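In what follows, subunit A forms one complex with subunit B and a second complex with subunit C.
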Partner chain A sequence: MENISRSVVKKDHAPKMSGRSIYVSDYQTAQSGERILTGKLLRSTLAHARVLGVDVPELPEGYFYVDARDVPGDNNVNIVLDDTPVFCRETVEYIGDPIAMLCGPDPDEVERLVKACRVRYEELEPVLDLAAGQEAFFDYRFGHGDVDAAFAAADKQYDETFETGYQDQTYLEPQGMMAEPEADGGMYVHGSMQCVYYVHGALPRVLACAPEKVHVFQDVTGGGFGGKEDYPSVLGCQVAVAARKCGAPVRCVLDRREDLACTSKRHPSLCRYRAAVKDGKVTALEIDVRFNAGGYSTLSAVVLQRGIIAAQGVYNIPNLRLRGRAIKTNTVPNGAYRGFGGPQTFFAVEMMMDHIARDLGVDALAFKEAHLVKKGDSTSTEGRYHFPVPLPGMIDQVDAACDLRKKRALYSQPQTGRYRRGIGTSLYFHGAGFTGSGERDLIKAVAKLRKYADGTVEVLAANGEIGQGLRTTFPKIVAQELGLPLEKVSYNHPDTARVPDSGPTVASRSLMVVGELLRRAAAKLKAQWRDGEEQEVEERFREPDFLIPFYLDKFSGDAYPTYSWGVNAIEVEVDTYTGKTKILGAYGSFDVGTPIDEKIVIGQMEGGFLQGIGYASIEKMAYDHTGRIRSNSFSDYLIPTAADVPNLKCMLYVEKYPEGPYGAKGAGELPLVGAPGAYVEAMEQALGGVSLHHAPFTAEDTMDTIVKEGL
Partner chain B sequence: MNGISFTLNGREVTYTGSAADRLLDVLRRDYGCTSVKCGCKEGECGACAVLVDGVLLNSCCVAMGAVDGAAIVTMEGYCKTERFAVLDRAFADLSAVQCGFCIPGMVLAAEALLAKNPHPTEAEIREGLSGNLCRCTGYNAIVNAVENAAKEGNGLW
Partner chain C sequence: MVNGFAPATLQEALAIRAAQDVTPYAGGTDLMVENRRGVSYLFLSKIPELRQITVDDTCVRIGAAVTFTEALADERVPQIMRDALAGIAAPAIRNAGTFGGNLGNGSAKADSVLVEFALDAKLRLVSLSGERIVPVEQFYLGRKKLDLHSDELIAEILLPKTGWENYYYEKVGGRNALAISRVAFAGVLRMENDRIVDLSAAFGAVADTVLRLKDAEGMLIGKTVAEAKAAKEAFLSRYEQDLTLTRGRVSAEYRKAVCLRLLQAFLEKFGI
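Up next, the complex of A and B:
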């Protein structure tokens, strides 16, 4: 193992282990020593309505009602577009849409006041059906080759539709933000978040102040997984407006039901795939992707882009025609969740390949292998796979761990008896970094190192530790490059008053992109090192020169400089009497380049893979005919426990990326992406070779299938 | 004297608020025990778990009236023990702590398990920790850490 990969004790281990870390809900007073007011949101109870007015109960002394009229500047939160209001405008667009915030010293009283508010609505017709939704926030089309000719020449054609549901990030710490007015008229906003500069970017416009008048700090954050990418900008603006009006610090921490029902989730999807096959090969795909965006556009543009770019999977498909839409519905706005659009389309393409293979009478894994991309091949957007594609070696690694090929053959034989088995596989990638030219044109990351006179070095960057280990891995890279002991290099939670904008903590980019800036900065510092002096060095992002420029209007060029790769196999045993499924083993081979700390990377893989298995099997959330999400507690929305998948094996496979620090690539999102395809494929095998089209595939679905198929 | 008397991490205290108040809120607000986390307030996640007379309870589901005369241990007290030191090393060695939010409850769950069963099998550990949700780790590192701690701390439990 390389030196950089050797594991160390994580720098934030001790305070977290002993429970001393201060999360946003743990502050007993504000910075100034003042009492913190509790803020609680009054939310819409209808999916679509005009708000005629709110009858606010009489407020006791020291209590405040805050709504859109109190926004000093523009009532819009800057995300990708600016359509998300701080507090609702004339209409509400989903159940949970914030109308106002009530604030005051006693949380119970605030709660009582929220309940006592009477909102007068004029009901409007809500759009709830993803399949029928007409309005698209975003509508993209691209493709290559001649799809019509390929269909005309095909031996066989297929037409199937795949569906995936919501998935909630379910970070253990609910969303929470706090705003504290400062003596000089400034506003200090802090809390649980991934992206300090996103919040920082949104505030000045809302508060109608100069950017210098706000600063944002990331508190210790109890998990994010994408869920704290954009939502903290919304909640941060709400508490800041409230703090401005109250003239006092205001904190709003969501309760779990509120968090489950009212914050962004993974987009439910509907993907129709038409395939043309000639001589045993897929010659064309025509794909129609619909993502349920919800009531406002938030991050749907970028989630959809990533999803559709991945829609042809890891396969060479000579002809492609694709349309992708983010449909507006009157439901909670969906956003970022680990995988960012990829899990939906990879599920669809993996199932499609599986179904075609079975129809042709060949093994699905062999069929997929016959279509695999390799180095030098063209991507879906006519960019290039510039580096070796390690999938064949990774398949072998998984095969060695679980006898994949043998079991696939065995379980495809007719099974009898109460318990039936299946094993499924998925092959996939995750494009590392922002899609397209985002890193170059939008993010323009800057990172710094500050060396103090005593020879210690501090990393200055904006990426947040959210459990993924950045407070350890950033210093490891710098210490290695400088030849310093790790204790001499530190990285704190970012404060926009102190650190440059190295971009958001998203897209599996922090380690690969910002980590490389830090490595280069460290090399520079080493060359200029002067003992006993304070010194600062800076590095800026520059695009690797091998890239084929990406044009978003045409969806052409390199969408990503490189890819992380995954191969999963999941083995199940179905009890045909009860419908219960036991996961006998879940095996993942993951290529994230050089691990910058092996145990941290394995921890990311295990955590992400288990989230993916939850998404595939038990995490079911849906709304009813009024648009209300009913599964809004941990007794209705189940996530995996320690007892659910005892045999979870994650393995690393290293294909280095020369432009990443020591060869590292993006890691955080990859392990989640492939689980639904592998799991549902396994269920198909266990259920006698049925064709399945949706995830999650729950115990109830299993029972339905058993009854229907007479198993 | 009026009030609810109990020991908190070995110290005798008397709570004079309502007997209907939640132990979770009282520990955090009145006694500054912010290691006790709120993940759901409905008894479903284990983030708020504390030891009450050695039994692991979700403090969000315990009314103050129920702890009169009890001995309560939170991480504020437990982190000073020898047993904690063993778990601490085991968790550190395996990088088993990610975001940290589940950890105080998880560690106390491990303590409750080992106190009852000093040499649990892997399956028993998984079962013993199954009331404590962790969204970050996938549990393997935590389960292995508890297993290692049981070996290392031979005789401590």
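Up next, the complex of A and C:
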């Protein structure tokens, strides 16, 4: 193991484990010593309606009603587009759409006032069906080769549709933000978030003030998983507008039910795949991807882009025609969740390959292997796989861990009895960093190191610790490069008043992109180190020379500089009496380049893999015919516990990325992406070779299949 | 503001229960979640009389404030009950949750209550004016409705000492821990001289209270295993016909299919 990979005690371990960390809900008073007012949102109870008016109860002294009329600037939260209002405009677009915020000193009284508000609606027809939705926020098309010719020449054609459901991030700490008016007329906004500069970018427009008049701080954050990428901008603008009106600090922390029902989730998807096969090989794919965007566009553009770029999987398909749409529905806006569009399309393509193989009478894994991309091959967007593709070695690693090939053959034999077994595999990647030219054109990351006179060094960057370990791994990189003990290098939660914009904490980019800036900055600092002096160095992002420029309008070029790779195998045992599935083993080989702290990386792999297994099996969330999400509590929306996958084996396979710090690549999202394909493929085998088309595949679905198939 | 009473003896607790409008509180694992405002609690978890497990000639008597963890570790508690206890929530909840609380919450999903139904357990209810012994199935009047007077407390659960050895228990939850039962089944078969002398088949979490179809159970009583085998089809179809499930978190179709399969597994276990 390399020195940098050796595990250390995380810098935030002691305060978190001892309960001393201060989360946004822990503050007793504002910075100024003032009492904090509680804000609570009045939310729409209808999926689509015109709001005719709100009958607000008489407000006691010191209580406030805040709505769109109180927004000093634009009533739009900047995310990708600007269609998400701070408080609703004339219409509400989903159940939970914020209409107003009630604020005041006593939380119980605020709650009573929210309940006493009467909203007068004129009901409008909601769009709830993803398949039938006509309005697309985004509609992308791209492809390569000659699809029509390939289909015309095909021996066989296939046409299947795959569906995936919601998944909620279920971070331990619910969403919460606080705004404090400052003496100089500025606004201090802080809370639970991933991206301080996203919130910072949204505020001036809403408050109609100069960017210098706001600053944003990330409090200790109890998990994000993507769920705190965009939503804190919305909630942050709401509390800031409220604080401006009240002239007092306002904090809004969602309760769990509100958080589950009203904040962004993984996009449900519907993917139609048509495949042409000639001489036992897939020669063309025609793919139609629909993501359920919800009521506003929020992050759907970028989630969809990542999803469709990955839609042909890890396979070399000479001819591709793809259309991807983010469909507007009158449901909660969906956004980022670990994997960011990838889990949906990788599920579809893995199942499609599996089904074609079965129809051709060949083993699915062998069929997939025959189509694998390799170094130098073209990507779906006619970029290049510039570095070795380690999948064959990773498949061997998984095979060695669980006898994959042998079990696959064994379980394909006819089975009888109460318990039936299956094993499934998935092969996938996660493009490391922002999609397309985002790093170069949009983010333009800047990171700094500040050396103090006493010889300690502080990392100045905007990336937030959300459990992934950045407060430890950033200092590790800097300490290694400077040859300092780790205690001499610190990294605190970012405050936009103190740190440069090194970009958002998203896209598995922080360590790979910002970590490398810090490594270079440290090398620079080392070269000019002067004892006893305060010094500062800065590094700016520059795009690697080898990249083929990416054009979003054509979807052409390198969408990612490099890729992290994954191979999963999941072995199941189905109880045909109860429909319950026991996971006998879940095996993952993950290539995230050099691990910057092995324990942290393995923790990420295990956690992400388990989240993926939950997504594939038990995490069921849906809305009813009125657009209401009913599974809005932890007794209805079940996520896996430690008791659910006792045999989880995660292995690392290192293919270094020369442009990442010490060879590291993106890690955080990868382990979630492949689980649904492997799990549902295993279920197909256990259920006697049926073809399945959706995830999650629950105990109810299993029993349904058992009854239908007479198993 | 929560008002609480923490009596040291059962007598003291009953006096408070009679005089005040209080909610009995043992482990608090349901009540803490409910977090009702303006409620006065009567804390029972430290009352010695409610904290014991004793055995007499016919019964294992479990105090209402005995925790699941304590009962799990006590070999005098019938194994069928301990199987059910092992599947309740997770260790932290089992360390606090009690038999009395599981009953008092009134849910048909309570895992210990299912076994009490299957074993025809009796409850000892006490008040200042005396005590009464009530069969568990009469204690449950309907969904969240209990035959417990406002001055009474549940003191003990009386389980039969023997007769439960041939049993089949299975809980089906949405995951392996911290899961409310979607279906739970407890079946007991008692044989004497190669004949079935008693049979109970109890279904939890499928209706307002635990469900037993006594008429259907009677179909196999008095029969040998071979005779029961011959009557099996009629027995199972009776359940298929008469088991009426309420709507729950998961579909009634799913739960019914599972109920019938578990009933079948119960019979299969004993060669029927």
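We adopt the following convention: the second predicted complex is superposed on the first by the 711 of 711 C-alpha atoms of A that agree within 3 Å, B and C clash if a C-alpha of one lies under 4 Å from a C-alpha of the other, contacts with A are read in each partner's own complex, and residues count from 1 in each chain.
The criterion applied here is as follows: a contact is a pair of C-beta atoms (placed from the backbone, for glycine too) under 8 Å apart; a residue touches a chain by one contact, two chains touch by 3 or more.
Keep in mind the model is a prediction, meaning the values are calculated, not measured.
Asks: A:Arg418 contacts which: subunit B (first), subunit C (second), both, neither?
Replies: A:Arg418: touches subunit C, not subunit B.
Asks: Tell me the contact category for A:Met1 with respect to subunit B and subunit C: first, second, both or neither.
Replies: A:Met1 contacts neither subunit B nor subunit C.
Asks: With the two structures laid over each other on chain A, which partner does A:Gly579 touch: subunit B (first), subunit C (second), both, or neither?
Replies: The second partner, subunit C, only.
Asks: Contacts for A:Ala642 in the overlay, against subunit B (first) and subunit C (second): which applies, first, second, both or neither?
Replies: both
Asks: Output check: A:Glu700 vs subunit B and subunit C. Expected answer is one of first, second, both, neither. What do you get?
Replies: second
Asks: Output check: A:Ala153 vs subunit B and subunit C. Expected answer is one of first, second, both, neither. What do you get?
Replies: Neither partner.
Asks: I want to verify the contact counts: of subunit B and subunit C, which reaches more residues of subunit A?
Replies: When the residues of subunit A touched by each partner are counted, B comes out ahead.
Asks: Does any part of subunit A touch subunit B in one structure and subunit C in the other, and if so which residues?
Replies: Subunit A residues touching both partners: 635, 640-643.
Asks: How about subunit A: which of its residues touch subunit B in the complex?
Replies: Residue list for subunit A touching subunit B: 7, 9-10, 12-23, 25-26, 28, 169-174, 220-225, 255-256, 466-469, 597, 599-600, 602-603, 605-611, 633-635, 639-643, 645-646, 648.
Asks: If you look only at subunit A, which of its residues touch subunit C in the complex?
Replies: So the residues of subunit A touching subunit C come out as 418, 576-580, 618, 635-636, 638, 640-644, 699-700, 703-704, 706-707.
Asks: Under the definition above, what is the set of subunit B residues touching subunit A in their complex?
Replies: Within the complex, subunit B contacts subunit A at residues 28, 32, 34-42, 44-45, 47, 74-76, 79, 84, 88, 91-104, 107, 122-123, 125-127, 129-143.
Asks: Spell out the part of subunit C that touches subunit A in their complex, as residue ranges.
Replies: Result: residues 90, 170, 172, 174-180, 182-183, 249-251, 253-254, 257-258, 261-262, 264-265 of subunit C touch subunit A.
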